[in-house]
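Both of the next two complexes hold chain A, though its partner changes from chain B to chain C.
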Partner chain A sequence: MLQSTFKKEWLDTKRQGQTLWLSGIAVLLLLLACVTGFKSHQSYQQAVNEVSQSEQLRWLNQGEKGPHSAAHYGIYVVKPTTPLAALDDGLQAYQGNVLRLEAHIRNDSLFRSAQDNVPLSRFGSLSPAFVLQVLLPLLIILIGYPLLAREREQGTLKQLLAAGASPAKLFFAKCAVLFTLSCLFLLPVALFLLYSQTASEAPYTLRNALFLLSYLIYLLLWALITTTLSSLFPTARRALITLLTIWAFATLLLPKLAMNIATTLHPQGSGQAFQAKLESEVYTDARLDAIEKFKQQTLAQYGVSQVADLPFDYAGAQLQFGEQYADKIFDRLFKARLEQLEAQSQSYQLAGLLTPFIAVQTLSMATAATDFSHQQSFENAAEQHRRLMQEVLNFNQRDHGHKAQGHYTAGKELWQQIPEFSYQYPRFTHYLPHYAISLISLAFWLIVLVLLSLFAIKKLRLEEQR
Partner chain B sequence: MKRLILATELKNLWREKLVLTLFLTTSVLALVAFFNAHYFANKQRDVVLAAQQMQQQTIQNAKAGLPERLASTENHKWWEDPYDLRGQAFYLMQNYATKTPLATAPIATGQADVLPYYFKMLIKEKQHIVHQYDYVHPLSLLLGQFDLSFVVIYLLPLLIISICFNALASERQGGQLRLLMLQGGSATHLLTYQLLLRSALIVMPFLLISSLLLVIIRDQMGVTELLSYNLIVLCYSGFWIALTAWVNSRAKSAANNAATLVTCWLALVIVVPALVNTSIALLDPTPSRIHYIDSLRAASDDAQKASEKTLAQYFQDHPELAKNGSGASDYATKKIATINSVERAMEVQDARFLNAQQAQQQSAQKLQYLSPALIVQTLLVDLAGNGLTRHHAFMSEVEAHHQALQRFFANEIAKANQRGDFAPCDGCSTKPTLTNLADIPQFSSELATPVYSYAPLIWLLLLAVGLLLIAKRRVNKLDSANNKEVLVV
Partner chain C sequence: MTTPIIQINNLQKRFGEYQALQGLSLAVHQGEILALLGPNGAGKTTTINCLLGFLQPDAGEITIAGVNPQLDVVTARQHLAYIPEQVALYPRLTGLENLAYFSKVASIDKTDDEFRTLLAEVKLPSHAVDKPVATYSKGMRQKVGIAIALAKQAKALILDEPTSGLDPSASHEFSQLIQSLAKQGVAILMATHDLYRAQEDAHRVAIINQGQLVDTLLFEQLKEVQLESVYLKHIKVGA
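Coming up: the complex of A and B.
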């Protein structure tokens, strides 16, 4: 059945010509997207390596200065990418990829490349993910809408069923043809994954596998829904219109609406309000009181009456106390902001139950490490590094500042004590709980569409009996 | 006959419950899109207002606290003292440069969610000021706002296609066309009335509701802006109606028409804009911001290393600021001189980004003619005041304000230094050097209503007229062929 269905559909496709053209264009677009994606990933990664290296050298060669001056001098760290970012650059352009680590302040990431783009860029660029998530389902629809509906219109469906063809086999044969054809478009992607798996020093096996699997399921979903509606509707025209409406809702309208609703449900204050709150909570009289209390405690602990009599440099100890005091406030305020943003992410993922596009988009960006959760991991790791830097520098001031005649300065030996910031993404299993809703959504859609297919097969059986 | 065609068409649409369905669909789309974008614009307006209020409040608070400060005899750390010029300049200043959304903002959010619309000013390198941004969920930026332009560009054409794809074709396939010809009607009239009536059911409620909302809910909505909005939407809808007429005139089946129209929509609204966008980025690539950081860092290092030389150069440029004509000065003046030096060193880098963006914008203006969606998006975004033209004007004002602030503080700090006001102790100051915060320059925007060109609309109209002419000739042929058939029958 499968072989004969393949032959029949191939002949139909050749006769029409339109499908072949569309498929050819889709393959070209996908290849173009893969090439530009790969080039842009390579140049980004090269920039990350070059600038990270030059920043590290700059840090080490900053010369003799006070440890606190070095803390203010700080260091810039850049977010690395995974090879999968070449296929799905996700939110890269919409979140800063550079962070300045300095004393007293936890900065937000810098430079969203979307700010340098022209307004036209909001139409979206031709990335492999865009082709796979938006264009490929449309191609599946355009190839698959007449699979059973046209057989019915031409009367050949009745003939086939009367000749003893099993409705279930016929349905699944048509669906298999559609799915196999659509899988052919995944070949360039699969080849790229294979290449990155073998060429990469740190292969992302689980990420690559899940990336491919989620797209395979996504294409299967569209093949199933197309075959089902083609089977349920009396005419190919009605099947096409319904499928196109579903496509427009699923890929264009619902994702936008879902995110707009998520941001309304979990509103987040402005950056201006957040900065004002940070300033008003850190630099308060309470902080001055806490510093004074710390001073009195330290004096009491060492049984002296003035800081000059302490066996260490009090300035270093106070600087570290101030950092830890501010860190607690940063933790609370940044956590509150992050909770709102995470709630928005979760609400958006929940809308994956309304459209599989959201589920596959979430999983695709997640495996490519170009989503919000991975950005947060990077920013958290950078913040931990900032705190480590402050601790090393302040403790050095505390332990050695009092020994110096005049202004205490340190050199390369101290700068070398701070390890180079070299960020590696945690294993993907670490992130899995974040994406539970999307995984469930994909499974949910698979179950719903299999049930819908069974219903369509049942209707075909009834047609056979009539 | 015309009345009969119209009445029959309306009856058919009513019978299929399409009149009500379409009216409801377009009305809901207009309402949701307007209020969503209106809410977004209002949020930005509220932030702007809050910033301005905070600025005024700080001035008032300082005024109220001045007698107490003047009477105070304790030492104040200058970096924590709101009455110290240096404290205000480098750490404490509440001074904002803001861009208020226009009344037309809900029409198209454009880049308004990505581009900064307020800046907290301080005396530091311009490069550290102009790259501030509002921290929002990046996914909401990727997906964009559900605004009126989204409905106009993506959904109205789809709705027009979905209701018009079988105009004429179903009558031809069902045999009613021949009957109509027998009664003296023509295919041209039938197609014209079908398309006009059906698309009016989609476009008119949408335009009416969105225009009403813009007038009633948005303050100071201008008549010209409202008319421009209506004109743009009508021209764009006109193009899609003309395209539908052309496809329907080919006398193919309704299913074939649907497939062709959807392919056209996909090509013109999704694929061509994405391709144009990719081409623009490839032709005039934006320089790397990561490398920009490297250059900024190098420029800062160089300026710091050569701080004495930098200061000497600064006094050469600003001899009025030098203390008694000598190079001796305080930390603040040295810092301002260093900031100036870094800004000068970064001018080339900044120009590279600006040039790349301008080159991209020029390419976009040329390539927009490839897709009506691109033309309409450009026009609507400019009309909404969320385009690059207004943003660049705002950024120029921000830079001018930043320079005005730098000049003010450089002058005042130099004067205070000459008077010896910073002298009392090292690292602290008991003497207020800035008693009235209202003396600090405040940002005043003179952003005019955006100017937009209607030239691309003419291209859109030409395309529409061309398609209509071809369609008319084809349907005329169909008319004469059918007349012959009718005569034979």
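Coming up: the complex of A and C.
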């Protein structure tokens, strides 16, 4: 049954031409998107390598200077990428890829390419993820809406059933044809993953497998819903209109609405406002009081009356105290912001129960490491590096500053004591709990659509009663 | 008389307020052609849909070669072939491809040569076999429909207005084909308005009106009576 249905659909499709054209255009779009994604990923990867290397050289070759001057000189660290980012650049353009690590302040990421774009360019961006998440479902609908509805309209459905075709086998054969066709569109993606898996020094097997699996399930969901509605509606035209309405809601309107609801429920100020808040909370009279208290405690501890009598350079100690004081405030404010953003993310993911688009979008960005959680991991690691950097520099000032005649300077030997920032994302299993809702949503949709399919098959059994 | 292939006992079906079938009983035996006559709304199509398992009767019983379609529609349909007034085929597929597909979904495995032989048996012109069905006349489509029934080796054939819209020559050819099928032992139930074809081809004629069997005429009687006057008498009484 499956083989003969495949053959029949293939012959029908080939002679109709329209579907072949549509499929050809879709494959072309996807290939184009994959090639541009790959190119942009390659240039990003190259930039990451170049910036990392040149930054390290810049840091090491900054010359002789005071450790605190070096702390302000700072370094830039670049967010690493995964091969999957070529297919789904997610929030990369909005989150920034570069962080400046310097004394006293925890900076926000820089270089958000979306800020450089004109507003309309957002609609023109053709990433493989956009093709997979938005355009492929549309194509599945355009190819699949007449599968059973047109059979009903032209009377062949009744004749097939009367000939002894099993409604369940007929339904699943049609769905299998549609799903197989949609899997063909995933072929360029699968080939890219295979290439990246073999070419990459650190293969992301679990991420690649989950990425592909999420999309396979997503396309299966669209194949199921298209076949189901094609089976339930009396005419192909009505099936098409209903499917297009569902597509518009599922891929365009509901995600936007869900995002608006999530940001309204868990409001988040702008990055600039947050940065201003950080500074205003750190640089207060309370900080001056704390520094004064620290000074008095230190003097008392060493039984001296002035800092010049201390057996170390007090400036270095105070700088480190100031850093630690600010770090506590940073931790508190960033924790609050993180909780707010996490709440936003969870609320948005929850809307995955309304549309599988949100679930697959979340899982796609997650596996590609281009989502908020991965950005957060990178920023946290960078912040730990910044603190380590400040500690090494401040302690060096504290321990050696007082020995110098005049202004104390350090050189390459000190700069080398700070390890190069080399960040690798943790294993994907580390992140899985963040995406539990999306995984459940996909499973939920699969169950719902299988049940709907069974209902459609039951209706097919009593075809003439409609 | 042999055991009936199609057996209908006291069949009843209601659609809301409308009683479509009121205790209809019929039997079609092996090798027999039964013409089912009746005006529009008499219950012919409802009866066919019950036989095909598309409608569940409210009461009564049907068996197709001993199988009740209400209980086992898949097996019952394996014994049946159905040719509607407009044989629905895939217009972009050729006659051969249509025959092959309809046969294969019914789990009938034959080679292309065997399918070609079947199409030749039903006298489909050889030049048409590999042409898209969109180019076929109604008579040619009917022939593909019969070839589907032949491929299936069905024990019963149900025809719904098979000669409607056929020219006399195509109608005659069709008549010969179903006669030949009957000779091979197929039980044929032919719902029709074509009194001439019924009188020429049928071994028995059953007249139904308002969901009830109102008369049955045997082959011998058909030679002696004017079917049209008998039919009109029953229909007027019914009205």
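A few comments on the model shown:
What we mean here is this: the second predicted complex is superposed on the first by the 456 of 466 C-alpha atoms of A that agree within 3 Å, B and C clash if a C-alpha of one lies under 4 Å from a C-alpha of the other, contacts with A are read in each partner's own complex, and residues count from 1 in each chain.
Following the convention adopted for this analysis, a contact is a pair of C-beta atoms (placed from the backbone, for glycine too) under 8 Å apart; a residue touches a chain by one contact, two chains touch by 3 or more.
Everything numeric here is computed off the predicted structure, so don't read it as measured data.
Legend: residue contacts after superposition of the two complexes on their common chain; A:K8 is shown touching chain C, with no touch to chain B. Counted by residues of chain A touched, the larger count belongs to B, out of chain B and chain C. Touch criterion met: A:A163 reaches chain C, while chain B stays clear of it. In the superposed pair of complexes, A:Q154 makes contact with chain C only, with no contact to chain B.
Look at A:V98: by the touch rule set out above, it reaches chain B but stays clear of chain C.
In the superposition on chain A, A:R461 makes contact with chain C only, not with chain B.
Contacts of A:D285 after superposition: neither chain B nor chain C is touched. Of the two partner chains placed around the shared chain by superposition, chain B is the only one that A:E55 touches, whereas chain C remains out of contact. The touching residues of chain A, counted against chain C in their complex, run 1, 4-5, 7-8, 11-12, 15-16, 154-156, 158-166, 170, 461-465. Note for the complex: chain A touches chain B at residues 18, 22, 29, 32-33, 36, 43-44, 47-48, 50-51, 54-55, 58, 76, 78, 90-91, 93-98, 108, 110-126, 130, 134-135, 138, 142, 235-237, 240-241, 244-245, 248, 252-253, 255-257, 259-260, 262-264, 268, 270-276, 283, 337, 341, 344-345, 348, 371-372, 375.
Within the complex formed with chain A, the residues of chain B that make contact are 32, 36, 39, 43, 46-47, 50-51, 54, 80, 96, 110-111, 114-116, 118, 120, 131-146, 150, 154-155, 158, 162, 166, 254-255, 258-259, 262-263, 266, 270-271, 273-278, 280-282, 286, 288-294, 297, 301, 353, 356-357, 360-361, 364, 368, 373-374, 377-378, 381, 386-388.
Chain C contributes residues 49, 52, 54-56, 73-74, 77-78, 80-82, 84, 86-93, 97, 100-107, 132, 148, 152 to its touches with chain A in the complex.
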